[in-house]
Amino acid sequence: MTDALTTKPFRWPVRVYWEDTDAGGIVFYANYLKFFERARTEWLRHLGVGQQRLREEVGGMFVVTDTALRYHRPARLDDLLVVTAAITESGRASITIAQTASLQGLDGRPDTLLCEGSIRIGWVDAADLRPQRLPPAIRLALGLT
Amino acid sequence: MTDALTTKPFRWPVRVYWEDTDAGGIVFYANYLKFFERARTEWLRHLGVGQQRLREEVGGMFVVTDTALRYHRPARLDDLLVVTAAITESGRASITIAQTASLQGLDGRPDTLLCEGSIRIGWVDAADLRPQRLPPAIRLALGLT
Amino acid sequence: MTDALTTKPFRWPVRVYWEDTDAGGIVFYANYLKFFERARTEWLRHLGVGQQRLREEVGGMFVVTDTALRYHRPARLDDLLVVTAAITESGRASITIAQTASLQGLDGRPDTLLCEGSIRIGWVDAADLRPQRLPPAIRLALGLT
Amino acid sequence: MTDALTTKPFRWPVRVYWEDTDAGGIVFYANYLKFFERARTEWLRHLGVGQQRLREEVGGMFVVTDTALRYHRPARLDDLLVVTAAITESGRASITIAQTASLQGLDGRPDTLLCEGSIRIGWVDAADLRPQRLPPAIRLALGLT
């Protein structure tokens, strides 16, 4: 039986542009939250979960409730990163996703971990932002039983 | 007679933080649009125009329709800038605002112009984003006859 | 004979994520400058021009000196945009690039223009930011004679 | 005896602009890291620690090594926030700072906590980004013994 907690992490490439860097010559640390979200969004899309559509049809949306990031090494302009996403926990109204950003290894060399973190997202009513149970369609798409 | 086209430009201080810089060691050029908007927002607030409130009460909002910026000199981390805003044109549904960002001169020395531009904003219905005539309350606050 | 001024524009896909939107429910206008730069960077990379490498090897970099954008229609969360870049003018130390962002047409329908603009970039010494003549390697890569 | 661990948190006002919001109508969660950094920077400046100057004179800079944020309630356009910063731990090459962002209470009412977190920053050589002992001038300014 396959389920979300045992499958391989989803992988998404992210290129570093000028907009991502700061005067330290490296990627501004807050931007890893953006990279992580792009990967989560593409992972959801890959599983058939369109956020804009869900908001229009179900009136709900994901909000981030907790983030915890650890920065190991810096990324620089033009670097090609690989960002992963994998569910580590799920509740009635929220899921927790483990994410990493690594420098893609060239010529068969392994990737180099740059940043890793944990993001907890909750499902809320789009109008009043109150927590709601995850819609069955999302639970199904995510492989949550 | 006082009117918007003859009064002194509004001035607003903006400090440069890490978030504003890029790997060139200078302020990322797109961020001057943010600095300009902060000054426009504070200038509107100063004139009694609250955008969030207007959206709730009148159902309209400003959208930017044209921007033109020229970059003269770079700003760097920790620099203290002065951003100005002054109306240069107004129509039924839009106004054009001249803006500058300068490095604040210390000890009585003059400011140094870093970036100047022109921003055209239109008033739209918040729901369908269609152009609307500027509400009388805004015309009055801006000194437009 | 092919040259930069006659070839088709370079095209680069850009997906709209949460980070790109604002409380108006649409893409924040300043972010089109980021989208345009991603396309310029990928276009340069496609032509063999790596900016980080050039900075290390030649000690120079591009800086943006002028931007002019016109916003036609808004983009929204999850939209897939196509961003183009094509040289329209070139001088000794600068080039001007025409750019557009369009909503990608589905099922063979045409793209819908959302934003168009003109970006002038100059080549400068990375240390003192003074204008420099465009290096021959870049002129060659860009098809400038 | 006064020291950094017992003094009141530093407070810094942050206004919410369009640039800070997302299509959910609220402040984009990654931007609290920016708000927190603005407050840390102003707190350091208040203590006499100028980051740009330190980088030029000492060749070192702070880098963020860990962030952990919890989001309690959303902030919206035009909200006036109060951001705090206070040291909770210090080591040879790093310090940990507890930070909060709250909606400023009007008319004497208490502030409402929106987001709280912990940021660990390390002192590194600006050239190779290797960890360095905190310079005595910084330890002194921060009240670390």
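Just so it is clear, A, B, C and D label the chains in written order, and each chain counts residues from 1 on its own.
Heads up, the rule we're going with is that a contact is a pair of C-beta atoms (placed from the backbone, for glycine too) under 8 Å apart; a residue touches a chain by one contact, two chains touch by 3 or more.
Quick caveat: nothing in here was measured; it's all calculated off a predicted structure.
For the interfaces B-C and A-B, the C-beta contact count is higher for B-C. Taking the CA centroid of subunit B as reference, the farthest chain centroid is that of A. For the pair subunit A and subunit B, the distance between C-alpha centroids works out to 34 Å. Averaging C-alpha coordinates per chain places the centre of subunit B 25 Å away from that of subunit C. Among the residues of subunit D, those touching two or more other chains are numbered 18-19, 24, 26, 30, 34, 37, 76-77. Those residues of subunit C lying in contact with subunit D across their complex are 18-19, 21-26, 28, 30, 76-77.
Only residues 15, 17-19, 34, 37-38, 41-42, 45, 50-53, 76-78 of subunit A touch subunit C when the two sit together in their complex. If you check the complex, the residues on subunit C that touch subunit B are 24, 26, 29-31, 33-34, 37, 61, 63-71, 74, 126, 129.
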